[in-house]
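What follows is a single structure, and I will ask about it in a moment.
The letters A, B and C name the chains in turn, as written, and every chain counts its residues from 1.
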Amino acid sequence: MSKILDELLYSDSHEWVKVDGNIAIIGVSDFAQAEMGDITYVDVPAEGDEVSKGEEFGALESVKASSELYSPVSGVITEVNADLDATPELINEDPYGAWIIKVEMSDKGELDSLLNAAAYAEIAK
Amino acid sequence: MNFGVDTGFYPLGSCTMKYNPKINEEIASHPAFAGLHPLQPESTVKGAKEVEEGLGKALCAITGMKAFTFLPCAGAHGELTGLMLIREYHLAHGDTARTKVIVPDSAHGTNPASANVCGLEIVEVKSGANGLVDVESLKPLLGPDIAAIMLTNPNTLGLFEREIGEIAKLVHGCGGLLYYDGANMNPLIGKVRPGDMGFDVLHLNLHKSFSTPHGGGGPGSGPVGVAERLLPCLQNVHTSGFHGNFGVMLRAYAYILMLGRENVKMVGPLATLAANYIKESLKDDYKLPIPSVCKHEFVFDGLINDGARDGVAGATTLDVAKRLLDYGFHAPTIYFPLLFHQALMIEPTETESLETLDAFIDVMHRIAEEAAKDPEMLHSAPHNAPIGRPDETTAARQPVLKYE
Amino acid sequence: MGTFAYFPHTEEDIRVMLKRIGVESIDALYSDVPADFIYKGEYDLPDALSEQQVRDFFDSLGSKNTKLKVFAGLGAYDHYVPAVIPYITSRSEFLTAYTPYQCEISQGTLRYIFEFQSMICRLTGLDVANASMYDGPTAAAEALRMAIASTRKKNKLVVSSLLQEHVLKVIRCYMKYPGYDVVYTEDVLSELGPDVAGVIVPSISRHGIVQDLSGYADAVHAAGALLIEYCDPSALAVLKTPAEWGADIAVGDGQSLGIPLCYGGPYVGFMACKQDYMRKLPGRIVGQALDASGKRCFVLTLQAREQHIRREKATSNICSNESLMALWVTVYLSLMGPEGMKKVNGLSCEGAHYLHAQLLATGKFEDPFPGKPFLKEFCLKPLVPAEKLQQKLLDAGFFAAVSIDGYVNFCVTEKHGKDEIDALVAAVKEV
């Protein structure tokens, strides 16, 4: 059984969102990291890039697989987690601590379409 | 340190590791060809031109196509060249809206990748429970935006797409073309011609079906054959610098000349015989998800008894593959196609003797027994290879790609 | 059965196999193929030949080729091939191996690819190289795709029209279908703008002139684009490296590193890049690893970039490459070393300059690029009809004076002594 935090929102493509004012902090769920196995690289965009909801913004890589990352919200990337470049295993070790990007949301209304912990638990199994 | 076809049996699915005849090597290094500059005028390379013509004609006879280009240097390069020819064909007909290509979910990874490089959008068609393209799922995908469907027949499960006649009719009916991925051509050599099944464009892997050596990953040669209506397109597509991998063509031509009209008929049938023999011999130890007659290869979905018990993980396909190395065999293709989680894809060829096939079957039985008794011993295999299992995760996280 | 060398089965073997399968005949194994598709005709192929007949056949075809001394370049160079190379590359452990997917029994292949990558990095000065591409022209086309993949939302590429013709031909073909905006021009810097993803220039022009790329990297980088340099790897031993010019990616053809002309192939493309673009590099890459017991070994790595994992999202579709030719190059470079490479270039350059002077002295040419630096090949403007010139030389046993852009190309390598060059000049005088 993978860990799901109650206070977060989730997408059906296994990203989590933590809302901090107008900023969405985005990572991948415990379920997603377990499916991938040992993550060897996180491909992320640059700060200042625009993302839109549902659009691919990067990818996780393991030795034998790659999995695209989709943005759960639209907006501008304000920060990228630089630690993941040298230590991608942080996502395996602490998926809810190892955020990937922070996005300044252009439409907070988009959050309404995300899943709460209970709804996500139905998918993540 | 290195295993080759000459070292031992190489049952690598979709790779057709057949014997590489030694006479071919002698011909390929013939000084009358090795010294030719690629820009020499035709009047000075008449012998080389006859090799191109003779080999092209032979491949047309074997496949039922009208002409070949030898520019592609590998299978994936052939796919790309073939798709460009298809785009040229549609453009020549003012058909600019055909920008999608249909690819089955069981296809080789190169198919969607080649389509993408050619600027085509990929539409995936699902396989049915019998492992074949589901014609009903295909129908709604067809329309005026379809450039082509890419198929390998037999497919990557080693199964003949028996609905190919209907598929060809439907795809042609919507104005699309049929592309044949020749990676799996070996079982059809001497028996079935892709041109007769309605394919408009195909590539062959001379380094698979036509016995030229793989060289540790190349050079290959991926000549592309076309049906009559695509002949005018050939002049518009230039996918390599000069005339393709001429040295590889010499080898393949020597092979075909040794085969001749009579022996060519037995290539596919004997390869198919060997594959079915292994499949039937091992199906009590390994899960056979689709129990029908196969062509050149087949896929097991892991062990029937993997030895899993409380606190002990069962032996995986990776473990079986690594254990085979201890017994002096190359491993089959593993974890492909993606349709089965523990896929173990086995392809013998017509050049392996019954003695070799039996030795492989014996070892596969023995590994199944070992797995049932002591899966942990398999987890750490190989035990007798030059090196043990490497730490690939660290290698990918902190890549060291050259001497520093 | 039992009569053809490549089919080891006896009648009895076949009977045993059919019995295990539970069918009466081999034909029954094709029961799933609709009868219409079973080929019933005779194959339009010749009768089977014996080995001796195959030898004789190719001897007779070979005799239809004209034996010529090659004094032409334009992308394929007649450098000396040390005798040891074909002996090593034809060892069946290398020759008959597949791609090294099972690393535990493929350390030989993986090790030489690692050496190849290291040597390409040394020649180009760049950080990372892959395990090879098909040839130089396809490597150039793939580098342009890589520039698009490495920059976000840019669609324009600038291609120098000074690249050799066979390179341009392949680039034009590869670029046509994905719908990139591609500009072909001699003055690449004038086309820079915010929408440009990559610029490709040669280190030696199609006319043999060594290029001065000062300021290129700064201008290209200021536009947010990648600079790609197409180079002759043999010449890199004496010229400024792509890294020194500030290039992000270097590509070219390894043929000049001791691979026989062989009517155009197999050759080997190479590609190297800066560390920043490592994850976008197409094709196979070998990396160093440790095995379970801590022993140093080699594996295929960064595979998540590749088509077998990423399918349509892969930057490239390349799968098979030119591995054995990479071994060829690796053996060549290890035999030559830095000193040997300088000597090859020195001898070729001396010979070329000698020929250049002698040809001008015949009065049958003008120098279209006076004072411009060249290495082993050069172009002259013929004052006699080019076709007639080439034919006269062919008749005298030389392949030289290949037409290009109204000029004719000549090339000299370390294989050609003064007497041969003098003989070529004598033949020119006859025209």
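Here is the rule we go by: a residue touches a chain if its C-beta (ideal position, glycine included) is under 8 Å from a C-beta of that chain, and two chains touch if they have at least 3 such contacts.
Since the model is a prediction, treat every value here as computed from it, not as a measurement.
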Task: Greatest separation from chain B - chain, by CA centre - done: A
Open item on the list: Contact counts by the stated rule: is the higher one at A-C or B-C?
Closed with: B-C
TODO: Mind checking the centre-to-centre distance between chain A and chain B? Centres are C-alpha means, answer in whole Å.
DONE: 37
Task: Centre-to-centre distance between chain C and chain A (centres being mean Cα positions), rounded to whole Å - done: 42
Task: Computed distance of Cα centres, chain C from chain B, in Å - done: 24
Task: Residues of chain A touching at least two other chains - done: 40-41, 61-64
Task: Junction residues of chain B - those touching two or more other chains - done: 392, 396
Task: chain C: positions in contact with at least two other chains - done: 302-304, 309-310, 313
Open item on the list: Under the definition above, what is the set of chain B residues touching chain A in their complex?
Closed with: 335, 392-393, 396-397
Task: Complex interface listing, chain C residues touching chain A - done: 152, 279, 302-305, 309-310, 313
Task: chain A residues within the chain B interface of the complex - done: 38, 40-41, 61-64, 88-89
- [ ] Within their complex, state which residues of chain A touch chain C.
- [x] 40-41, 43, 45-46, 49, 59, 61-66, 68
